[in-house]
Every structure is written in C-alpha cells, then in structure tokens.
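Structure record follows, encoded as structure tokens.
Order of writing sets the labels: A, B, C and D. Residues in every chain begin at 1.
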Amino acid sequence: MTQARWKQLTEWPLAIIAFVFLVAYAWEIIGELEGPAERALDTVIWITWLVFVVDYLVNLALAERRWHWFWRHILDLLIVVLPMLRPLRLLRLVTLLTILNRTAGSAFRGRVVVYVVGASMLLVFVASLAVLDTERDAPGATIVTIGDALWWAFVTITTVGYGDYTPVTTEGRIIAVGLMLSGIALLGVVTATIASWIVERVAERDEDERAATRREVRALGEQIARLQATLEKKGA
Amino acid sequence: MTQARWKQLTEWPLAIIAFVFLVAYAWEIIGELEGPAERALDTVIWITWLVFVVDYLVNLALAERRWHWFWRHILDLLIVVLPMLRPLRLLRLVTLLTILNRTAGSAFRGRVVVYVVGASMLLVFVASLAVLDTERDAPGATIVTIGDALWWAFVTITTVGYGDYTPVTTEGRIIAVGLMLSGIALLGVVTATIASWIVERVAERDEDERAATRREVRALGEQIARLQATLEKKGA
Amino acid sequence: MTQARWKQLTEWPLAIIAFVFLVAYAWEIIGELEGPAERALDTVIWITWLVFVVDYLVNLALAERRWHWFWRHILDLLIVVLPMLRPLRLLRLVTLLTILNRTAGSAFRGRVVVYVVGASMLLVFVASLAVLDTERDAPGATIVTIGDALWWAFVTITTVGYGDYTPVTTEGRIIAVGLMLSGIALLGVVTATIASWIVERVAERDEDERAATRREVRALGEQIARLQATLEKKGA
Amino acid sequence: MTQARWKQLTEWPLAIIAFVFLVAYAWEIIGELEGPAERALDTVIWITWLVFVVDYLVNLALAERRWHWFWRHILDLLIVVLPMLRPLRLLRLVTLLTILNRTAGSAFRGRVVVYVVGASMLLVFVASLAVLDTERDAPGATIVTIGDALWWAFVTITTVGYGDYTPVTTEGRIIAVGLMLSGIALLGVVTATIASWIVERVAERDEDERAATRREVRALGEQIARLQATLEKKGA
C-alpha cells in the first residue's frame, strides 16, 4: 500500500476521531467531571491518542523517503509523543480543517474565507478549553468558567484586549500568545481577502482598457500566419 | 405582481419604517421612559415589527422558487420571528444601508467608503443602545449611561479595548463580540481601500510602460487585415 | 488678485503662523502659566486666530464661485468661528502638513510615508495637549501630566489600549475617538504601503514574463507599417 | 583596503560579537548577578562595545565620501557613543538580522516572512530585557520578572494591550512605544504578504486570460520579420 492510498483511506475516519477527541476534551473540562465519568472520557481521549500514534507510525513506515518525511513532519511527532501537554494535543484538530479546505468551493478566495472562519472558530473554542483547564485551579486566576474563557478568547483573538480577564499561569500565557498571533494572522487574511476583492472590482473598468491577453496575441499571430500563407501561394 | 416589483415599491417605505424603529428604540432606551410614554413607543416598535412581518410574508408568497428563497433568507425569518431578542431585532436596520449602497456614487471605491463609514456609525450607535439596554440593570455593570455605552462601543470597534468599561452579561458580551468582529472587518476594508488606491497611483507611471490594452492589440489586427487586403488586390 | 495667487503668497506665512500657534498652545498647557505670562501667550494665540480669520475672509472674497467654495470649505469656517472649542482650533495645523506633502520627494509611496509619519507625530502631540487641557482639572481624571498624556496618546493611536490612563470627560473622549480612528487609518496606510511594495517586488520576475507594454505593441505596429510600404513599392 | 572588503571580512565576526553581547546582556539582567560574576559580564559587554567602536571608526576611515557616509550612518554613531543608554545599545543586534536577510531563500516573499518573524522574536526578547532592566527597581512597577516582561512584550507587539502589566518609568514607556510601532509594522507586513499571495493566486486563472507577456509580443515581431524577408526574396 502506498502512503497516498493510506492517507486517502484514513482521511474521513481521522477527522471523525479528531472530532470525538474535541468533544471528549470539551466535555471533561466544561463538565468538571469526577469519578467514573471522568475515567470514561479519559479512556476515550487515550484511544483517540492511540489512533493518531498508529496513523503516525503507518505514515512513517509507508513514506518513500523516510528521513525526509520525518523531518518535514517533526511537528506531528511532537504532537503525538507529548500527550501530557494537553494544549499541544489539541493541534491535532487541524486535521478537521484540512478536510474543510478540500471540500470548500472552487473559488480560491471563497475557500480562504471558509478556512479562516472555520479555523478561527475552532481556535477560539479550543483555546478557551485549554486556558480554562490550565487557569481554573491557579491562585489569583480570573478565568474560571467556560463563559469567561470564551469571552477572553474572543477579546484576545480580535486584539481588543480589555484586560478584564487575563491568564496568570505560564501555560495560560503561552496559549494566549498563540491566540494573539492567530489574531494578527486573522486580521491579515481578512484584510488581504477584502483588498484582493476591491483591487479586482476596481480593475473591472471599460473592457477595451483591460490588459491584452495571451489569447488575443495568439489570434494576431494566426492572422499573420495566414498572410504568410497567402503570400507564398501567390508567389508559387 | 412580481417579487421584483414588490421590492421596488417597498424599498423606500421600509427604509423609513426601519428609521422610525431606530428612533423609537433609541428613545425608549435612552429616555428610560415609564408609563404612557413607554407604552406609546412600545406600540410604535410593535407596528414597525408587524410591517416587517408582512413584508417577509409577501416576499415569501411572491417568490418564484419558494423553498430556495426561504433557505437563502433564513436570517430574515429569524429576525422577524424572534422579536423578543431585542439586539437581534436591530439587524433590520441594514435595510437602511442597502439603500445607501444603491444611491452612492458610481465609483466603486467611493461606494465602499460611504458604505463602511455609514455601517460603522450605525453599528456603533445600535450596539451602544443594545448593550445599554442589556447591561443597565445587571449587578456589577459599568455601562449604565448612553455616554458610557457610546464610548465603550468606539473603544471596542477600533480594537483599542481600554477595559475601563466592559460588558458583564452574556447578551452584552455577544453584542461585544459582534462589534469586535465588525472592527476587524472595518480595519480590513479601510486598509484594503487605501491599498487599492496606492497600488493604482503607483502603477500610473510613464504612459509607454503601461500594459498593452485590448484596444491596442485590436488596432494591430486591423493593420494586418489591411495588409492582407492590399496583397490580395495586388495579386488579382 | 486671483485666489490661486493669494494662496501661493500666503502658503509659507500661514504655515509659520500655524507653527507659532502650536508652540504657544503647547507652552500654555504644559507650563500651566499664570498671570502676565499666560496673558502674553493668550495674546499670541488670539493674533494667530485673527490671521486665520482674515485668510478665510480674503479667500471667500476672492473665490470665483463663492457659494461653491463656501460649502466645500465649511470645515474651515467652523474652525475659524468656533475658537472657544480649543481642541478643534488645532485642526488648523493641517496647513503644516499640506506644505510637507508638497515638498516631499517625487515618488508617490515615499510621499505617503512622509505624510503619514508627520501627520501621526503631529496628531499624537496635539491630541496629548488637548486631552491634558481638558482632563487636568476633571474629578477622577488620571491624565494629569504631559508625560501621561503623550503615553496615553501613543497607547491609543497604536490601538494597544492598556487602559492604565483613560479620559473621563466627554471632550477628552471625543478627542480619544478621533485618535483611535486615526490609528486605524495609520494602520491602513502602513499596511497598504508595504503591500504595494511587496506586490511590486514580487512582480519583478523574469523580464520576458512581464506584461507587454504599449511601447512594444507600438513597435509591432511600425514593423507592420514598413511591411505595407514594402509591398506597395513592389507592386508599383 | 576598501570599505566593501572590510564589511565583507567583518560581517560574520560582528554578528557573533552581537550575539555574545545579547547573551551577556540577557544573563546580567535575568540573573540579577552581583559581585565578580556581574563584573565579568560587564567586561564582556564593554569589550563587545569596543569592537563596535573600532568597526565604526574603521568604516569611517575607509569610506570614500566620508561626510556623506557620516550623515547617512548617524544612527550608528549614536548607538556607539551613547553606551550608557542601555536599551539603545541593543539596536546593534540588527546586525544579526541583516545576516539573516542575506542568507534566506531566493523567493522575495519567503525572505520577508523569515525576516519579520526573526526581527519580531528578537525585538520581543530584547524589549523584555530592556524593560525589565528599567522597571525592576522603579516604585509601583508591575514588570519585575523576565516572565512578566516577556508576557508584556507579546501583549504589546500584538496590540492586544490587556493592561495587566504596564511600564511606569519614562525609559520603559519609550521602549513600549517602540514595541507598539513595531507591532503596527508587523501587522502591516503580515497582512501585505498574505495579500500579495492571495492576489497572485486569484490571478492564476485560465492561462489564455493572463496578460500577454513581452516574450509573446517578441515572437509576433519575429513572425512579421520573416514575412518581410519572404516578401523581399519574392520581389528579387
């Protein structure tokens, strides 16, 4: 079996597994579960983790240029081998987004918009969960409910930054920095997409004033070729 | 009667109704009315709501492909059938802006600027009213006067976010998130419009160095056609 | 004398007067002057105001289409007739910037950068003065020294918005909103200028791959014309 | 020896010296060293400073048009002669980044990204050190550990600005303003790079619809020249 075939086969199952992981992770954090319920969700999370480990190993085994693949996917390795670092585990969810990317419409700009909106929503939700998990039991923490965490995540990703809720733990701050940088990227993509659209609309002026295209120059070439043919026939 | 005809007929009346709704809504919230005055304004608000319900139903009845129209205008339905949710009701005011859009000048970039400035002003005002209405009676709220609310709305939409006033209720925070996202869009449109203008101005260099246009290539084609004609006449 | 001639004659004197006004205004606010010193500076400020009134009236008198000019320069009138509103008076200083604009280099992008940097610096300084003047004696105000005011102005125009210093008076907040909107414009211009530069640099690829220019198409046309001439001469 | 040769020879050694300076400076501030250890690091810092003084003087001596070079490198002089102002000293580290710039890949956009990410990381780290050094002993300061300083620097450069940590000294605020302006530039570069990429991708439509290139027009010209040759041969 080739790696491409494996990827094609596992695409949807892995997206579903990632979604299951997200639900279990969210449930565990928001529900503040204890006893058997917590153990059940923990089991689900460990199984989803195991699936990703297997997927990583199979990919490594099937890769044509193993070392090349290994170094280009070093982040995948870190996500898989460092499952104790909960926030990093959540990076697996980008799998969901690559699916989204592929199934979106054919127009490039529309795809960018869908991708960015989807990624931002997921990021806000996942960062809220991770920050809540990290901050909840820290002394002096202000982010102690999922509502606060979501509010904080929106205030941060939009770079508004009221400062009514701020993370106080180191892990919480690392998550916050990730969210701020995503906010800058989000702003960049929104602006760039609008700019591209405006530039295109402004350029749609009088048809005669548009740049000459290759097709038109080719038509000219054919006209000259016909002239050459006429001339040669005459001379004959 | 066709749906297009209905829309054309109701365009201006509906814009006026939307404006009446805005005035009544603003008056009720800012004036903190009681007794008969409040009841009078409530009546006006309910009448404007009724007008929009009728408009929605007539549109649905006149639509050629009813289900298609229904799904594409699901937001219109929500705005109309959920009048209890006050902030959402205010979305009706975008009617005013589509009018604005149509009557603005012919230059595309100018229209974008007018639209964005208008939409932002309206948004800031409407969000101030909605937040004030929601927050005023909440325990621990800081946004308790229209002045505070307007100040907070400007601080939020520009993504400055001092944090001297922040919403504390869930409804207030949802409105705030909407305002933040609008702020990002506002920033995007401002930047994109300036970028489009600068790119165009920078491109206005030496006339000879501009991209060849279709008109010029067509002129070349005609020149070659004359050549062909000359050649054929000679051979004759 | 024509209006154009008057404008040309008064351009530099008015820029100097505007600068004198800025210095006097800044000195009065920062120095917290009392007694004769305050009266002396007040006299200077009133004289600069008088000069601008005279300039406005002469312009109105010399304008060819008086009403047209009046309506297009309504802001100039407001600045001149409302001298009690101190912050608005400072708008006169844009005169300095139009000078800057004209004397900057020929490259359009460079001019935009010079203009924006100059305008932002002036704006930050002027807004600091105006806010300090307004806030200093307000109860509960935090902006009470020029250092605080400058720091607050930078925090605001960059849309960082720490919230350690915030205006509490209505006038102070109006100035703040002006500064925030300028911050958005500043961000827009910076981004747009960089974008225009990157787009241009990226487009500077292989010479052969650049868009065909008008000069090249004209050269083709001349080549064909020579062909036509050759053909006609032959046939003769 | 020419100046160009000197620059080429000293490029790598100076980058290493700048790095040594950064390490020594960071160590001294973070470690809060006392006694012999502090003296040792101080010695290292002074030696690195001496190296830069020597480099400046040699460059001045070797410059072809000495006054011209002097004025164009006035900032280099200030950095070298004002070593008491610690934060300014750190500007020397841009040497590291010009190296980075030269060794990055050939694609212009990729180089911009590498440069901006590198510069931002360095800036955040260096600003954290400088602010910590300045603020640590100030009364009422909140930024008193390197963790706080790094967190504050990220919150500032992304223009989020929670306001949970803010500088209170004048030097600290000057550093903060520098960081804010860098944040605006960072946002600008990120947005512009994405915009340039999107514009290019959107333009990659149907091959036939792309603007005619110079190569294609040249091919047309050759076709016509062949026609001219055929015609002349015939007539002979």
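Going forward, a residue touches a chain if its C-beta (ideal position, glycine included) is under 8 Å from a C-beta of that chain, and two chains touch if they have at least 3 such contacts.
Just so it is clear, the structure is predicted and the values come from calculations on it, not from any experiment.
Asker: Which chains are in contact with both chain B and chain D?
Answerer: A, C
Asker: Report back the single chain whose CA centre is most distant from the CA centre of chain B.
Answerer: Centroid comparison gives D as the farthest chain from chain B.
Asker: List the interface residue numbers of chain A and of chain B, divide the shared ones by all numbers used, and answer same when the ratio is over half, different when under half.
Answerer: different
Asker: Need the CA-centroid distance for the pair chain A / chain C, whole Å please.
Answerer: 41
Asker: With chain centres defined as C-alpha means, what is the inter-centre distance between chain C and chain D in Å?
Answerer: About 29 Å, centre to centre.
Asker: Quick one: which residues in chain C touch 2 or more of the other chains?
Answerer: 159-163, 187, 191-193, 195, 199, 211-213, 216-217, 220, 224, 227, 231
Asker: Indicate which of the five shapes (line, ring, star, complete, other) describes how the chains touch one another.
Answerer: complete
Asker: In their complex, what parts of chain A are in touch with chain B?
Answerer: Within the complex, chain A contacts chain B at residues 147, 151, 154-155, 158-164, 186-187, 190-195, 197-199, 201-202, 207-213, 216-217, 219-220, 223-224, 226-227, 230-231, 234.
Asker: Of all residues in chain C, which touch chain B in the complex?
Answerer: 108-109, 112, 156, 159-163, 166, 170, 173, 176-177, 180-181, 183-185, 187-189, 191-193, 195-196, 199-200, 211-218, 220-221, 224-225, 227-228, 231-232, 235
Asker: Give every residue of chain D touching chain B within the complex, in rising order.
Answerer: Residue positions touching the partner: 159-163, 191, 195, 211-212, 217.
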